[in-house]
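Look at the two complexes coming up: chain A is in both, with chain B in one and chain C in the other.
Up next, the complex of A and B:
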């Protein structure tokens, strides 16, 4: 069994209630942190090497140390619970089953940052989790972990849940802040970064759910101990959302550095490919990251085993690598049409572009139309080149990373599976015969 | 349609929500209040409903319209009592979401984006709802229906047709009374 830090009590009945959570050692990190100075807590997080678990992988301790601290200006901690990256469902799992772990992490982090108000911005589609969090926050207030003068230390913190209303873009931190201010989710031009001018133009840290939860074991065991877990600069554990053509989809906590092959085929994790088919491709980190063909999923370009870590998954750059991203691990078997799967992505990004920047607003629409045209049997070889051309013109030319996120999956699909696109445009009859998905009756092949 | 006005209980919740944000930042409560308004006033946001929300927050109506039109969960046109939101993105597609959508279309005799003639059901195809490990799935109100089979879809449709309430994401009891 791999090391479990976030899901170690996953099988304890009632762990979502305060009593049981506390019996299992919950809120110890708050007790410990309140006896330290806030800078000492930040130092532990820095030492831990924790990197943002939302997708970008930016060092959390460094992000915290950028927070401006002007006199008399409030600071905010905002939890990014807008989880919308296709293939990702680990934050939902964590909040639903372990709401107090998030709240505990929020309190410890808020203390470290000197924030007296914290918001959890959760995607509106997760409204049933709003109920769960509201109940857990109420319990934390009753037990004296929130409110004025927490545990007699003089430190005060209020915490609120704020629902979004359906917009992938609000997972981008400045769009999230706009949305939290009651506006359209249009990303802001940076700088200034949220650490200087964030919510209500005040210094703000925005962290992902899993990142904030990881602060709990870090403070409990100490940053140095946490840094011993994992591999190289990929320290600690990571929640992986596994979906697609595997025998056991679900959320798994892995120690970073686990071989991809073990993750896919071992009984402890995905249990192998559905119906014992062959592996065709993997999207290892959510829809935005490049798709990898089977051989490059399991081995790096130099023939080493590919590992579940920030470094190993990106080895080879975008030519032969990908990214750990959010840990949204989508597996496709040998019958999958890469073009059809790509179409669900191009349609997604077109739907979710906020429309602020022309390359993204126009380009995502074109990419959806062209992939649709190819699937409809009307594509030409020139369309494949046009698709390539459009994605290149989006990447790097937008205010926020949604443009890049829309471009990368298109580039990778063409780079690794160009022959499939060519087959579709030169022989449209082949499209009809593609067994592109499983019939849902017992998931036998259609 | 009856007058657009929250009852006292919901109004108390609305004022609690407004107090969650700093003095002068009450506009922050717009999204949660729009959700409540949609749930209470027929499942969609009519111009009258949006104007009412603007008056509560003392902001211009256009500030409400521009927000309501940005987010996919707000309906700007009348919808069926029961809205079936079927996820169609990658992981759900890989596990048969197309079958679910086609099956519902056939059974209800409507296309994606339409409402049945009796005003009972609306069908929406939506983007990833974070249920990839339990695909295929659909959301109805705040409930996630996961690991769908066509039989399960049939059972659910029969069950929903018998229900009196329209599907909603939230109500006055969603939030704690702070």
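Up next, the complex of A and C:
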């Protein structure tokens, strides 16, 4: 049984209410942090080795220490709850069931950063969670954990929930800030980075929900103690949203360093492949990260077992590795069509591109059209090469990482499953999915 | 001051200069093309990605190369920076890609486009693009919109450089148009068809790098290369009154701001000067306008290619075709 830090009280009934949460030792980290100086709290987070749980895996303590602290200018903490990555639903689970854990983390983090205003920018589709969070914030105000002069320490903090309007791009931190300011959610051109000029041109830290929640156990147990959990530079625990062809999909908290094989096949976690079919591919970190074929998802290129950690999953670079990303673990069995899967992904990125910079605006649409053409059996071999060339020209040439996110899955699918694309091109008749055809044409299957 | 080397040519520029501006100081041979950046519109640039360059040495203090190509219009120079533009295969390759993306949904209707001949997209694709298209999909189309009685919006040709949005933000009291929708369905629009009506709206036409915003008073009157540009001025109480008159015979067909070598207007003009003063006796004529290297207007006005001393012709990658 792996160690549980975030979901340890998951089975306590009523944990979403203040009274039960407090009984289970909630808000202890705030009490502890308020007795420390803010720099000491940052130091604890640095020592813990916590890395951003939103996808990029940037060390949180370092991000916090980059925050500019000019005199007389307010600072802001913004929680990125715009969880829109296909395959990722861990933040929803956390906020829905443990709203106070997020709020506690927000208070502790805000104190560490010297922020007196904190925002939770939540995805528009999570409208029902807005109510849950607002109720929890209300309870926290009543109990004196928010507002002026928190617990008599003189520290004040106000917290607001801001629902977005359902755009994937608003999960990019600068687009999120634009949206929060009431503008069109377009990513800003960096530099300046949010740590210098963020929300309302003031220094701002943007952190993922899970990152902020992880501050609670770090302060409670101490950074050094937290750093002992996990493996190497991947410290602590991580929420993984497992979906796809597995027996038990859901959100699991794992200790980083768990072997991928154990995660997929053990009874404690995913419980094996649905109907005991063969594993075909794994997308380990949400739709943007490269897909891995079965052999590479269980073993690294050097033959070591692949572990669920930032380092192990990216071993081999993008040639034979992937990324831990946001922890959206999508498992595909042998019946899955990678081409169809890729088409779904390209359609998503086409739909969600903000249209600001040309490679992503035009390239994502183009890639969708080509994958659709191949899927329909009208593709040519040249289309596969064209697809490869397009993704190469998008990657790294855009303002924000959405361009990369759109390019990586295409690159990986072609790199690892080229023969499947060729099969679609050279033998379209064998590929036509009758059921799909019947569905889209509203026909009754004969 | 910062010393920066672009395509092997060293130049010393003030701190805070962008790579693009530094390259322009050296000259057109090393200056990257720019479709969305506009010197006189602060915060413009960064969108079109045509000015991407490779930074092979970050600075004297931190000599590491930058991991990705950078948009030269929005990246400031550091002391000791080494930049590759026309000498960098990576930059040329990426630019070729960007041209392809920009033309992907472009109607290529140059034969009936008023901008043809002074179109930056034409120049860009001629110099950096490939001669063939690799797409056979149907192109995205929009309807033409008349925004007011003076300006027509032809969204099919737009490359979403955001320049006209910046003009409205920075020159006019109130912006009534913007970008609607997202992704490849983004469009410049007034939301509910609305006139863009204010004293400086005509500058949207001048800053538009393509034929998306055209002058309705000039539509289909003449190809630009058949008109003769003449520099003139008048005493205007709203703007600087410094313009270029485009003559055909004795008629002034249109009035525009004065564009520099990079196709940018230094001083914006008002709509009275632009649309209402189309008689020679409204103006004090200064003389024929010097033509820039851009566009076919300068065809047959042979200009010598100036190569900076440190650079030999062999260093420069040939332009297409």
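By our rule, the second predicted complex is superposed on the first by the 432 of 446 C-alpha atoms of A that agree within 3 Å, B and C clash if a C-alpha of one lies under 4 Å from a C-alpha of the other, contacts with A are read in each partner's own complex, and residues count from 1 in each chain.
Note that in this section a residue touches a chain if its C-beta (ideal position, glycine included) is under 8 Å from a C-beta of that chain, and two chains touch if they have at least 3 such contacts.
All figures in this text were calculated on a predicted structure; none of them were measured in a lab.
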Joint occupancy of chain A by chain B and chain C, clash or fit: fit
Contacts of A:369 with chain B and chain C, given as first, second, both or neither: second
First (chain B), second (chain C), both or neither touched by A:164: first
First (chain B), second (chain C), both or neither touched by A:352: both
Partner chain in contact with A:181 - chain B first, chain C second, else both or neither: first
Per-residue contact with chain A, leading partner among chain C and chain B: B
Touched partner set for A:401, first chain B, second chain C, both or neither: neither
First, second, both or neither for A:89, with chain B first and chain C second: first
Chain B versus chain C as contact partner of A:250, first or second or both or neither: first
Three-chain overlay, closest Cα atoms of chain B and chain C, distance in Å: 5
Chain A residues contacted in one complex by chain B, in the other by chain C: 167, 184, 351-352, 354
Contact set on chain B toward chain A in their complex: 20, 22, 25, 27-32, 34-35, 57, 63, 66-67, 70-74, 88-91, 93-100, 127-136, 139, 142-144, 148-150, 169-170, 174-176, 178
Sites on chain A touched by chain C in the complex: 167, 169, 184, 189, 350-359, 361-366, 369, 386, 390, 392-394, 396-399
Chain C residues within the chain A interface of the complex: 45-50, 52, 67-69, 71, 74, 93-94, 97-98, 100-102, 104-105, 134-135, 137, 159-160, 178-179, 181-186
Parts of chain A lying in touch with chain B, wherever the complex brings them together: 74, 83-89, 91-92, 117, 123-128, 130-131, 134-135, 137-138, 141, 160-168, 179-185, 200, 241-245, 249-251, 283, 287, 328, 330, 332, 336, 340-341, 344-345, 347-348, 351-352, 354, 437-441, 443
